[in-house]
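Here chain A shows up in two complexes: once beside chain B, once beside chain C.
Up next is the complex of A and B:
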């Protein structure tokens, strides 16, 4: 048999396999943003033009539910973006920041400190909400090694089909239509609008947390150190914050607080614990939370953002981008979506 | 290494090295590759297999030397005429007796490794049962492929002691015979005289052969990862719900477990034979269209043929002609056959698993085969009287279905160590409510599989049946296999391969919390 025939056969196999694999991956990897908005927060970031961002927030749900970039811009002209994801741990934040500095030149990085209390990988689902969206890089590969939980395959982060292939039996027509339709961002610059109001009175659930006396883990501290270095190398100020929660469920123990204060001192970083500023901010846990005190709703977030924006403009030399025509055009669209979501709730 | 992706990477490195290596060094590459492959299963397992290899090598050499010495001395005495015939016979008998002892020692040592790792729990469980004690005992994991390799090792020693095989003098070559990686998951049980010449021959890359091998391996992957693992979910669900299902449990298990074990075992075997075929090494065909068997005995000639051949040649025949059989034949002409058959099947059961339920399973098969043999004259008379009916297709179908049902029924004994409970469920399966229960739609939805998954299983069964029908019988050299026919059209082959790869990736069950390549027969 002719050699060329075999070469063509091999080429056909490779190309056809790649095409079918690609098509299956596009269809089976979850892509309906409305079905699970939290999973697409970072995708919003990577699809946006982020070059003008001067303030970037990283951290877990306490961050992406607490700071509204729209309010920061409207009140102070600060161009900001939230790169938070559910249970974003320190190593996740580090990987995200590497990408942030690749795409923009922010002056201030705001890091939520809650992730510091975890020193072990926690959950595949939350890993995926960050790492599935990050482009391939040596940092991603390195963080993957530390972040994956037992039984997870690193390769499935390069080829998510290997993880999501099981969805073939649950496919719906919606999966096909959303594949070919344009989908709106789920957030407004990373802030996920929640307009519900549910007052806090649920019972304590401390069992899910590491013991209060636990010292921050080696891995968490190592990645924290890397974040500090990364920010310094990129001439960005790192600001530590603890978002306010009505902390009956995931309490912020004084042992945690002491360690963060010590870290801030050690690295010479500003640290704001908004739990101590509840009254000054004007937060009211009967109206400013959508899930009984665990997270702020849009009304609480607006209050906190207004308060924190003042701190930012007073302490850092940030540009008031409201004066730039180009920025106004960009923001008009975001503000319109923000107002709509505030009225109707997040899509 | 049992993980599919690691195995693919392993092959991606091994195959080019194997075909690019200097011709005489090919088997050394294969040896190193096989040891590395086995090494991935753990250093303890590696030590066990090395120990087994050394035992087999030493006893093989001792047996061979004993045979050589006997031949030399007899030749010398025959030449000088110093020994008369009775003296020569006495000497030969002494040598044979010595070799028997040597062989027994070698077999016992080889089996003791298997006993330590596989039968420790059975031994302790039995002691506890008899003595009313409750020793926990160690829970040792059977090294990968040890059950299969042990039988290959025994066949090697027996063949050497019989003079049918020259003992291998090169330890490295014997090591390759023991460690050859495609046989490690679940066999087949190879014989040295069949495998060794191929292992040490020179093989150059042959594209059509490689394509045939790849097709077969991929088809095996589809059967294992897609069909067997998906049905496995339902089997697991039925196992967990066994208390609520009553006699319906038996019907479900006959159906589902039969599909699972067929797809699992033949799939694994297709992967092993396909990979080996790419290397140019043909392994023993372990299946010969078992679903076409018209009796249980016929079924066992078609299913796991290498195991059947081992137990026939090394247990059944020696038992049948043993002195014990001769003594028993004085009591009844059929008694030696019954004894040899039941002992062989009890041992077959014991080899399958370390539990008395497996012995019961073996005895059930043995008894059924014996009973059908006893009824053979009746069948013959029926055939003579109603020749048209006997040769009709519906009756053949009925026989085949009945065989599959019977084997499937016996196989349910694999599933629970409590053989008594399974046997009682057999009884309850005969009730009308148990049969009616099968047609309850809620039962099928409660098994945790979606309609799409049931559809996939049905499609898989249909595809297995069609491919099975298109596969020629073992030994039929005139009909080309499906792989051979496809390999003549490389473009079509490329498309089929691509479809199978994507089918495995998309429809396969693997990933988090799931070892896709854990074979059922690998646990035996």
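Up next is the complex of A and C:
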């Protein structure tokens, strides 16, 4: 009898502690979507119904600021989604793609190639924007080993409370209400609408630092190889793209281009460098960028997406989902949010 | 006894003086400009105040709201600065643009590989296209074309 009481007492203690830990964790992880929407881009993905996606984009801001799934659907009926995050490196993209293939059966994966220039972890902030959102898996654990920077703990990605415990002094009433209310997505299917216009010059890396290294690094190439294998194992075509931007801050050196061309040839992959197609796409860097040419704004993204959509329908067997009632209902909601954000701006 | 101790201590001092230097942590690398030694991580405001105001500045917001990147262009030099959301701005990279400036060791754009090695010692990494020297938290890279320095960049590791 006494023994049973003890067992109950210990069990109650453990359950209460776990509940308290869970509640504290939910409260303390950052919730401020308005201040830092990029940090929630992948959360949008994991909260959405993604089963119908036929085209999925992965990469850094060169995908989530450059391709609008709404335009792909309106013009071509392609059901797509962007799974990009700031400075998404190749190992991040690999981990994201593992999850994408768990949830859907995409026919085309579009990989932004800019991440290939990095072969070592860069910063915790960018790690968090991907790895905090991924469900627990052996891949996540393995990628964590390669991705974390000095001073980071792998365990804090399983239990974010270990990382955010000192946020208690910054807690606001908004943190509490966020827990109990529905949060609107920050993006429209992963595309982050930027409607500002800050004129820039034509793409050029004048003033940029020279290439980071003479060749892409071992870790980047290793994960690139894994992405190729993962796509092949899942019968998805892998397409490489370079967004039509080149600047002192994010330079696209000739050395990078030569290596991507060589990689594409080595693996037999299509590669589209849209820097070579600026006139055909119709981009104008006085109106189509929100930060003087570093990234495209929504007007530039719409032009690029319309151009790329044509390539997709001409080269891949994609379904025109505009003819399906269910899809029309789903897209109506996304289109309404897109148009509202285009008018008001997402940020 | 006292004599023995004194002799032993003197021997010890001499031994230390003759011994090769212990392998220390590499010192931070720097690039000179207008009498100032620019290093990665130094306070940017101080450096800019001392370098004069004949610069142009270009800036870009980090795409994840982590802060601002700024590029200050002076005659013959570019200074790259990162200004985090909170905290002081720091120098993130420095590069020589042309041969109008030289490092404290006398290396400038246009020098030969041999000139660089003579001035700086053997590089930590060498290839046909670059010589790399590593210091504490920083890397000095000399870009090469046909055996001649075409770029000089000091950056973080």
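Here is the rule we go by: the second predicted complex is superposed on the first by the 329 of 347 C-alpha atoms of A that agree within 3 Å, B and C clash if a C-alpha of one lies under 4 Å from a C-alpha of the other, contacts with A are read in each partner's own complex, and residues count from 1 in each chain.
Just so it is clear, a residue touches a chain if its C-beta (ideal position, glycine included) is under 8 Å from a C-beta of that chain, and two chains touch if they have at least 3 such contacts.
Owing to the predicted nature of the structure, the values given are computational and were not obtained by experimental measurement.
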*Here chain A is shared; do chain B and chain C fit on it together or clash?*
fit
*Once the two structures are placed together by chain A, how many degrees is the angle at chain A between chain B and chain C, based on Cα centres and rounded to a multiple of 10?*
60
_By the touch definition at the top of the document, which applies to A:28: first (chain B), second (chain C), both, or neither?_
first
*Looking at the overlay, what does A:86 touch: chain B (first), chain C (second), both, or neither?*
second
*Now for A:214: first (chain B), second (chain C), both, or neither, which partner does it touch?*
second
*When the two structures are overlaid on chain A, which partner does A:294 contact: first (chain B), second (chain C), both, or neither?*
second
_Looking at A:129 after the superposition, I want to know if it touches chain B, chain C, both of them or none. Which is it: first, second, both, neither?_
second
*If you stack the two complexes on chain A, which partner ends up touching A:261: first (chain B), second (chain C), both, or neither?*
neither
*After the superposition, pull out the minimum Cα separation from chain B to chain C in whole angstrom, please.*
8
_Shared chain A contacts, counted only where both chain B and chain C touch the same residue_ = none
*What residues on chain A touch chain B, complex-wise?*
1, 5-6, 8-10, 12-13, 16-17, 20-21, 24, 28, 124, 151-153, 155-156, 161-163, 165-166, 168-170
*Spell out the residues on chain A that touch chain C in their complex, using ranges where they run on.*
35-36, 38-39, 60-61, 65, 86-87, 123, 125-126, 129, 207, 209-210, 214, 247-249, 291-292, 294-295
*Complex contact set, residues of chain C against chain A*: 58, 60-66, 69, 71, 73, 78, 80, 93, 95, 127, 129-130, 141, 143, 151, 153, 155
*Mind listing the chain B positions that touch chain A in their complex?*
5, 207-208, 450, 452-453, 456, 490-491, 493-495, 497-499, 501-502, 505-513
